[in-house]
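Below you'll find the structure, written out as structure tokens, and then a few comments.
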Amino acid sequence: MTQAATAAEPRTLAPPGRRLARVTANDALGAYRLISAHDREGPLEPRPGQFYMLAAAERWGGGADERPYLPRAFSYARARRADRGALLEFLLEAVGPGTERLGSLDPGDELALVGPLGVGFRQPEVGTRPLLVGGGIGTAPLVCLADELGAPRVLLGFRSGAHAEAARLFERPSLATDDGSVGRRALVTELLAETLQDEDLPAEGLATTVYACGPPPMLEAVRTICAERGVPAQLALESGMACGFGACFGCVVATRDGYVRLCLDGPVLEADRLQAVPE
Amino acid sequence: MTQAATAAEPRTLAPPGRRLARVTANDALGAYRLISAHDREGPLEPRPGQFYMLAAAERWGGGADERPYLPRAFSYARARRADRGALLEFLLEAVGPGTERLGSLDPGDELALVGPLGVGFRQPEVGTRPLLVGGGIGTAPLVCLADELGAPRVLLGFRSGAHAEAARLFERPSLATDDGSVGRRALVTELLAETLQDEDLPAEGLATTVYACGPPPMLEAVRTICAERGVPAQLALESGMACGFGACFGCVVATRDGYVRLCLDGPVLEADRLQAVPE
Amino acid sequence: MSWQLAAGGWQSGFELCGVPLRGPVLNGSGTFDAIAARRAFGDALLEQFPFDAFVSKTITVEPRDGNPPPRLWETPAGMINSIGLPNRGLEGFLAHDLPQLVELPVPLVVSVMGFSVDELARLLSGVGERAEVAMMELNFSCPNVETGLVMGAEPEETEAAVDRLRPLTEKPLIVKLTPNAVDPAGVAEAAERAGADAVSLVNTLKGMAFDPRTGRAWLGGVTGGLSGPAIGAVALEQVHAVAERVRIPVIGMGGIASGHDAREFLDAGAACVAVGTENFRDPAAGRRVAFELAEPQALPVRD
Amino acid sequence: MSWQLAAGGWQSGFELCGVPLRGPVLNGSGTFDAIAARRAFGDALLEQFPFDAFVSKTITVEPRDGNPPPRLWETPAGMINSIGLPNRGLEGFLAHDLPQLVELPVPLVVSVMGFSVDELARLLSGVGERAEVAMMELNFSCPNVETGLVMGAEPEETEAAVDRLRPLTEKPLIVKLTPNAVDPAGVAEAAERAGADAVSLVNTLKGMAFDPRTGRAWLGGVTGGLSGPAIGAVALEQVHAVAERVRIPVIGMGGIASGHDAREFLDAGAACVAVGTENFRDPAAGRRVAFELAEPQALPVRD
């Protein structure tokens, strides 16, 4: 339990308890919602790829099927220093009772939150240029990563034009949509394959480190493409979580060395730790 | 199960299911809230003393202790014909998670409702004048009763001036408050005793029929006072209810002939059916 | 016996233990009083009757007042009741309730409980011979009354009781299991061996609440039975375990509040479902559940 | 052993089985991993440690991977888990976990489970002799692993097991009961007779969920254990029944999320309480519960 043993991991420690943060804005961004909250007690600098467990402070539950009950995990999309504390931004896709309740919060309402949690993205391997690959709501953690890396190359894929609105959070991303309404009618992994193809490989190999987040089939394609080309990749995965801080052992993902708790050893995993992206 | 057997009871039948009614207003009335809802599918003329089971259509539950779950019983305070349907008014006192949630509804939100339920107040006994006695939130069912009886005598008691604001729903009531801030510093049952005292009893006895609703100790005092003087009284009681339509057998109150389901045989009971007002 | 969706409605020819039913949604015994509901809702209740068969509140040989109030406590996503089986007794039921229940537009199941096998025998023969009654349910599971627990908790006790009772009526016999058993599936197998035509489960789980102001038991009956969505997962596990081990139909219940919930019970192996506590929140819950089950678009798409 | 409020805090001299504790709030085994939490929260965790004694996740003789995912299902006011007791095994625990758990500012309780009494014996002697360990808890109740159920479901089995295990350690022995028993109080009495120093309850209730898209079991382990506020009423009933029948202290748990809930368990006869699932919603839940218990103004006034 020495601090040193884990000092190397890109993790900002969280305060050891749930706290409240006031919602300052909640706006539609195409098919998504962008929620800002003023976190007065948390750390100012979470690491890109880390996440927070969120719940509405009031009326979390009591929906048609009497859920949600547990908090929900969300990557932060951006964090800025604000007057006393940090302003956190979350990008949300409504897929069920938890995301619907959060999406209905009004400015002034309070979020209950724990975080930042998990291990974020690691630095690009020495001598490589980062390449960010995002699919759908998986673009969320890439927003702050792009800010930190300073305008890296970004490839984004979306279902539709309404979803592609989220691309506005990035500078000059390359875009693909399933229906071709915005950008290329293609899968973002096709863009990835082409980009890596076009690349002039330096003698030593490694020209690029890929950072990817998106739905499991996309991540699996990213993993395969990168593995075939020997390109290092860091994948931000998802799994069902109850706690987010290693307490419940519920979020495990199978790696080459057995199950790991995604909330503790992830959500960002080096692609070569995985035999395959689960699901 | 013949209709005739029960045709005499002051009961308007309810549609056999839960329906939605849109909240049209929710305003503070002193310490209480006055909530109006547009009931498009229910009957236009509930009987004074009947009640509705109410729940918020959304987020009913998920509070600090994961309640409410069941709907809550409320006397209607007033019902008016409205454009397509009835406008129902409820007077609420926030005492727990259910009343707090209902009190926080905004105009436009929806109420889930079943009703009208139960047996209302019966006509005054022949040759008597009605006298309404209300304590605190127990004034609610007396509002429509007073309207129906046409400006009867009304005695009201409240904890404080803020609560006594509810007296504004009546024409010229006699008022008592515990702290004397409005009206007499007295218990409403003292006003009752004095009123009955002052009365010129006609030869045959019966000058007054008392209609009372309020907290159990008040109702018990009303019962005793009326019993001593042989004055007929109808008491609107409360008990914990799960269903409101006789399904659960949970709301029983002990009468001289054993337990009765208050939601089915009440909530208005003739005082002489009771040995004592429970609680 | 198997239940399947026909386009837009129930498969015609659906039946439970040989009794034709218009659909698979019953009520849980003691959670809907059709006589009281008719007082509240009038004849509209009959026109829009929420269930495909009606199960009476459990009756006993002698009339019972039930437990002293308070009888209800609300819990997270559920409630505890200590009603204590108030009922008019066998005579009262036959004289007062049965003539009214006959007016219902669906088959009638009468639930009975006895403090001894002899009492059960009297109830079975007294009620089972009436033509108005389609099926009998043996409540071996009420946690409020001592014997209920004992009879349904162990396979041997159950088998012995059903063995003796089975010959007393020609009506299909449903055995209602208690969830407060180590091995409900073993009890179900015992009931099947002894000739039960169906099993129903779950009854309420034993539960308790304390008055925050006094620190003493809140319920007049001290302990009570927990029901509602809170117990859904427990009910599903037991229904699944039972359905895997018996061939007779299983009537599944416990926390059903929607077609979605009902389908989980069918997935778990139930042939029919029953709606209990949700009736209290919505008197038309049974119809709503049936509708949602019959309209596949109301439910998540099956891959 | 009795617990009482002293003005503004715990009564000094409070203890459980002779081990001094600063207060009555433990964690439920398997619901807080202090080593993982220290990675997430750093040393602030130690400064604001949420519990008055720390109970380890249950360990077994051999290392275990646990069940395949998915392992979690959310239910109304609760959740089902099919974690399956992943742990490093006895050797791994002693070498890797114990040295880190020693740094916690509170007494350590180690929870053990065996697939046989022999395995339990090895665990008890292996861990019980370590000075760092204050107490041992025998998990007789894990519904995920066959033997756990059998050992804790019947009084005789429990008595025989505890009888053999009791002499193997001098440390206080807590027996954790399964709620999936007909008569948990009978099992508790058996444990007491055989020399247990305390009993803890409830463990999770057996539960199940179905994948709405496929109709098949959702959990990798097929069935799982239900926990959280949904089971509070069941837990209270069992704690009450047990506390009425044993003299050894009872550690009560099941759905505790607030000081108000905790006080219900004390009212039911518990000497200590444990917070489980609520830790997932708030890592500081233990501290919050303790605070609310100690501050009478946070709770309804007692008449």
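We just call them A, B, C and D in the order they show up, numbering each chain from 1.
Please note the rule applied: a contact is a pair of C-beta atoms (placed from the backbone, for glycine too) under 8 Å apart; a residue touches a chain by one contact, two chains touch by 3 or more.
Note that this is a predicted model, so its numbers are computed, not measured.
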Most widely separated chain from chain D, with each centre as the mean of CA atoms: B
Chain C and chain D, separation of their C-alpha mean positions in angstrom: 34
Centre distance in Å when chain A and chain B are each reduced to the mean of their C-alpha atoms: 54
Two or more partner chains touched - positions in chain C: 75-78, 228-229, 260
Numbers and ranges of chain A residues touching at least 2 other chains: 61, 65-66, 68-69
Arrangement of touching chains [line / ring / star / complete / other]: complete
Chain C partner contacts - residues on chain D that touch it in the complex: 73, 75-78, 80, 153-154, 180-182, 205-210, 212-217, 223, 226, 228-234, 236-238, 240, 255, 260, 263-264, 267-268, 299-303
In the complex with chain B, residue positions of chain C that touch it: 30-33, 35-45, 48, 50, 57, 65-66, 68-72, 74-79, 81, 83, 86, 99-100, 103, 228-229, 277, 279-284, 287-288
Complex contacts: residues of chain A adjacent to chain D: 1, 3, 6, 11, 13-18, 55, 61, 65-71, 112, 114, 117, 239-243, 245-254, 258-259, 261, 264, 278
Residues on chain A engaged by chain C in the complex (per definition of touch): 64-66
Touch list for chain A against partner chain B, complex: 58-63, 66, 68-69, 101
